[in-house]
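For reference, the structures are reproduced in the following blocks.
Two complexes come next, and they have one chain in common, subunit A, joined by subunit B in the first and subunit C in the second.
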Partner chain A sequence: MGNLYVPCRAVLEQLGVDYVIPPVNSQRTLSLGSRYSPEGLCIPFKMTLGNMIEAAELGANTLLVPGGYGICRLGYYTRVQEQILHNLGYDIEIIQLGVSERKFLGMMDIIKRVSNDSPWRRILSAFRFGLSKLNAVDQIERIVQKVRPVELIPGTANQLYTRAVQAIDNADDYDTLKRVKADYLGQLKHVAINEQARPLIVGVTGEFYVVLEPFSSFDIERELGKLGVEVRRATFISGWTKFSLFLNPFGINEKSRIHKAAYPYLKRDIGGDGWESVGEKVLHAKEYDGLIHLAPFTCMPEIIAENIMPSTKEQMPVLTILCDEQIAKAGVLTRLEAFVDLLERKRRKQNDQLRVTV
Partner chain B sequence: MKACLGVDVGSVTTKLALLDESDELVSHVYLLTQGRPIDAVQQGLRDIRKQLPQDVDINGVATTGSARYLAGVIVGADLVKNEITTHAVAALHYYPDVQTIIEIGGQDSKLTVVRDGIVIDFAMNTVCAAGTGSFLDHQALRLDMSIQELSQRALTSQTPVRIAGRCTVFAESDMVHKQQMGYRVEDILYGLCQALVRNYLGNVGLGKELEPPIIFQGGVAFNQAIVRAFREELDTEVIVPIHHEVMGAIGAALMAHEEMATNNGISQFKGFEQSEVKYHASSFECKACPNRCEVAEISQDGQTLARWGGRCDMWERVSSTQLYSSEEIK
Partner chain C sequence: MTTVGIPRALLYYQYYPMWKTFFEHLGAEVVVSPPTTRKTLTEGASRVVADTCLPAKVFVGHTVSLVGKCDCIFIPVIRSLKSKTYNCSKFLGLPDMTRAVVPEAPPILEIEIDINRGKRRLYQDIYKLGRHFTWNPLKVKEAATAAWQSLLDYRELMYRRELILPQAMEEITGESQTGLNMILKSQTVPPTTIGLIGHAYLLYDEHINYQLIRRLQQYDATVVTPEMLPGNIIEASVNKLAGKAYWTYEEEVVGAGGHFLESGVDGIIGIMAFGCGPDSLMMDMVHRHATRQKTTPFMCLTLEEHTSETGVITRLEAFMDMIHRRKQKGEAVCV
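Presenting the complex of A and B:
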């Protein structure tokens, strides 16, 4: 999922675990996943099942799956996927990495087991290095989001981003990592941009997996960048890891601000990221020009969120896009273009009115 | 005479509209795409050329519709716009106080919500083509009548039959069933129109506020029975503009005019002679990564003009051939 493989590789490498990283998500991943999944399941299930099959083909015997036990059916996914893999004849075990019903202690057990009983000091230092890589990747991505819409030569930021992720992935120690990070941050700073441009700001929210995995959501951030729109996204893997792996077990939750914002319209967690989607609209209505809400097809929590959003007092145009293997990209692009036109015309009209009042 | 041209290439029909400097419609063309968008655009250019005076000077051209990028390459578009925006712009031009725009075309149906002259929301049919022109065409064909006749006969219905309209396949089997039961064809046809309207309002219109004035445009607005069904279902007046079938092209022309006026640019229009040029469209499977994208390309005299269809932007720059040995990847 997204760049999650970068920190995972770093941790496993440091711990001396023999690992394989499945190939990047492609049409083949999705086709494999869809073929062996029940039709009505959502795209995160199908994509991850595809990843698992591709990993098994490379000889993996244990699968590490970061993820919690949410309220929606996602909580059962790894168990179902394990069964499907067994039926396909792969002798494979899935270990879910996240907070289980045994809270923190349960997770400690899992980590200890995965790391072939390494001493705790070594485990901690491996995780620290993985997290630094993750933070570096996310930091660069945030800058790329800002450069993309205003760059003079389209595609420059994307190319730098791809190379930066690769370089960070290859870095073996803190020094190299630091140097690579500084190098790419510097290069991004010097990309020729249109100084006058005041790009529209559009938030991207919705279900965690489709928001973070560009393949499953039609490369929406790149497409928005091409249309000259700056993307803001609250969900980053680094933030999620920090909380769901380290702080949630102690009851600290970064999302309380978002939940509080959503509270007048939705009073509890409904699974997935439905609560957060509503909260983000309320929280950022003044700050963003519009919001794109990504939802996997058949995702119950996001469907509920979609239907709550139009009724909030805080107004902001929202475009919900359903992500599914059956949906053609052309239709999504037409909607995106129209949505951006809508926001642009709205802003132009508001500016005109301002001028009249002045 | 200075003028702006709008070209709307849809799934079923191709529309061209020419506006003069004061945005008055000078002439328009409406023809079938028949799955050959390049030929349709060239034929359209020939047809509209015949209707124009000799001294016409094209100042700006914009393309829209599902083949907008392809058409844009052929005519040399100054602007390529999606059909949702162009339809809204055209509707607002003729009816500045419009609040709701219903648009039903060959394979898609859209709803645009406008308040105070700004589009604030829109919806488009997603996975289902029920309620669009193609389905009506298909049913007319099955009953061995023209689409005009279907509309006329449906209007004579006194006691419409209820048809299941959620899905075209179910609607068809329900229609067959009702025919076999002996219901009158008129009543079944009007029942079908009502079902399509219900389906549209229940899917595309779900959760949207449809305030009057309501404009109904697109090819299906030719069908008086559908118009009547909308009026009855919404219990309000539904306005069908005179040139409802070319509103997308008109909107494109209006936007081309606006674009050229603000940027003071010189039009890229390749001229009406383009209708005689031979274009070659083809596609190949890119083997650079496991995605195996099907990339389409359009060329003229062996020279590639444009490519699209890939997930990444590797092929979008035409000069990519120099970067990648194309034989290897194709």
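Presenting the complex of A and C:
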């Protein structure tokens, strides 16, 4: 999912585990996944199923799947997915990496098992290394989000980004990693940009998987970048792992701030990321020009959020985009353009009003 | 006197007798919205985004129809009834969603039931709910005990006497369940037994399932429902089919399905709402087992507001015909 493979590969490699990384998400992944999924399931299920099938084709016999900490989350998925795989004739064991609060110890056991009993020190250092890679990728991504809308030569940032991820993936010790990171951060700083531009700021929120996996959400961030819009998003993989591995109390604070904002409109965690979606709208209404809400088709928590969002006192235009393999990208892009137009007009009007009052 | 409104949707079917007892013991009056109609559904659907599941739309429709008829509306949130099981997001967000889409609704009485937080917390929550009506904790306790008892009685009617839910509801509340006075289970052993699986709010809302139970009875079929099965049996089959239960209402689908597969009913019909996350997984689970087992025919009806009535009827007919044919053949083989 997204760039999650980078740190995972790092960990497994350091531990000397025999692994296959399923091919990057492609149309094939999605069609495989949807072909064998029961009707009416959400896109994360289909994608992960597709990944599993592709991994199985490559001969994997054990699958590591990060489980969620939410209610609706992948908790039940794997059971059904395992059966589907068995029915397809793959003899496969699925191990769920339950990264929820209390399961931390259990997870350590699993890791120990798949790593053929490596000593703890080695496991820990492998993890540390994986996490640093993750952080590096995220750091670069944040800068890319800023550069993309204002670069003079369109596409520069994206190119750098792709290369950076690759280089980070290839780095095999801390020194290289550090050098690569500094190198690309420097390059990004020197991308020629339009200094005068004051790009629109649009937040991206919604269900975790589609927010982080561009393939499943029409590559929305890049498309927004092309339209000259700066993207802000609170969900980063590193934030998630930090949160779930309890390595970073700050991650928790950020969450609880979002929850507090949502409280007047939604009092409790409803599973998935519905609570966060509502919270982000409330919290950032002043800061952002608009919000893109990514919701997998048939996703229960996001439907609730979508129902609640229009009623908040804090106003901000929200565009909900449903993610599903049945939905055509062209249509989504048209809606996106219309949305950005609307935001632009709104901003111009505000500016005019300001001028009048001055 | 305060009037408490209860929408005839979702959890109503399983818990209404309990709620009614509770509020009436506290001196409140209880009104229930009238049975679902075309109008309820369109009204509900017009308030929420299109992808909301059918039962939630129905729920909103019922809430709207209560506006002006009561002083408050009771919408409980059931998070978890057993440790480590979770309920569908729609239930968890129900009060907040209703507030957002029915702004004209009277105040909403909420209570969150979550066994994981411990008994003490549960009692506190119940007391907090009772506080709206009386300051006297003893009275609340009394009401809660009586309510619990009526829930037990209600369930017993269903699994001891094998009453279908609406019949049990009628017997215990004394309120006629409009249009649902179904043929009592006939005592002469009828030729076919059909196991129904699905949530109560789909099985017993005649408007949205096109009178499924009645139609089955017209085929002379005896209908067995999840509520007729004792808890321990159901739990055992959940564990067998899917491992430890994950969803709060998994039993009425996976549990009942598993049990029916083994107990030799002639066919199983599953009912689910389109786009329902939990159900699509659970029905699939049952389906896979049925396919593997190869002896019990299984059919899953997916309902949404645009489901055509004729479509449902046709499928039902085909399914029943198939079962009859199978039975005849089977008997011929035996002879």
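The definition used in the following text is that the second predicted complex is superposed on the first by the 343 of 358 C-alpha atoms of A that agree within 3 Å, B and C clash if a C-alpha of one lies under 4 Å from a C-alpha of the other, contacts with A are read in each partner's own complex, and residues count from 1 in each chain.
Keep this in mind: contacts are C-beta pairs under 8 Å (C-beta built on N, C-alpha and C of every residue); 3 or more make two chains touch, one makes a residue touch a chain.
Just so you know, these numbers come straight off a predicted model, no measurement behind them.
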Combined model on subunit A: subunit C and subunit B, fit or clash: fit
Touching partner for A:Leu322 - first (subunit B), second (subunit C), both, neither: both
First, second, both or neither for A:Pro310, with subunit B first and subunit C second: both
Which of subunit B and subunit C A:Pro301 touches, first, second, both or neither: second
Which of subunit B and subunit C A:Asn87 touches, first, second, both or neither: second
For subunit A as apex, the angle formed with subunit B and subunit C - C-alpha centres, to the nearest 10 degrees: 80
Subunit B or subunit C, by number of subunit A residues touched: C
First, second, both or neither for A:Gly271, with subunit B first and subunit C second: second
Which superposed partner A:Leu41 touches (first subunit B, second subunit C, both, neither): second
Partner chain in contact with A:Tyr77 - subunit B first, subunit C second, else both or neither: second
Superposed arrangement (fit on chain A Cα atoms) - minimum subunit B/subunit C Cα distance in Å: 5
Touching both subunit B and subunit C, residues of subunit A: 307, 310, 322
Subunit A to subunit C touching residues, read off their complex: 38-42, 71-72, 75-77, 79-80, 83, 87, 265-272, 274, 297-301, 303-304, 306-308, 310-311, 320, 322
Residue numbers on subunit B that touch subunit A, as the complex places them: 66, 81-85, 116-122, 124, 126-127, 207, 289-293, 311, 313
Subunit B contact footprint on subunit A (complex, rising order): 23, 26-29, 154-155, 158, 219, 307, 310, 317, 322, 326-327, 330-331, 334-335, 337-339, 341-342, 345-346, 349
Footprint of subunit A on subunit C - complex, ascending: 48-49, 51-53, 77, 79, 86-90, 92-93, 95-97, 99-101, 103, 110, 112, 242-243, 246-247, 274-278, 280-281, 283-285, 287-288, 302
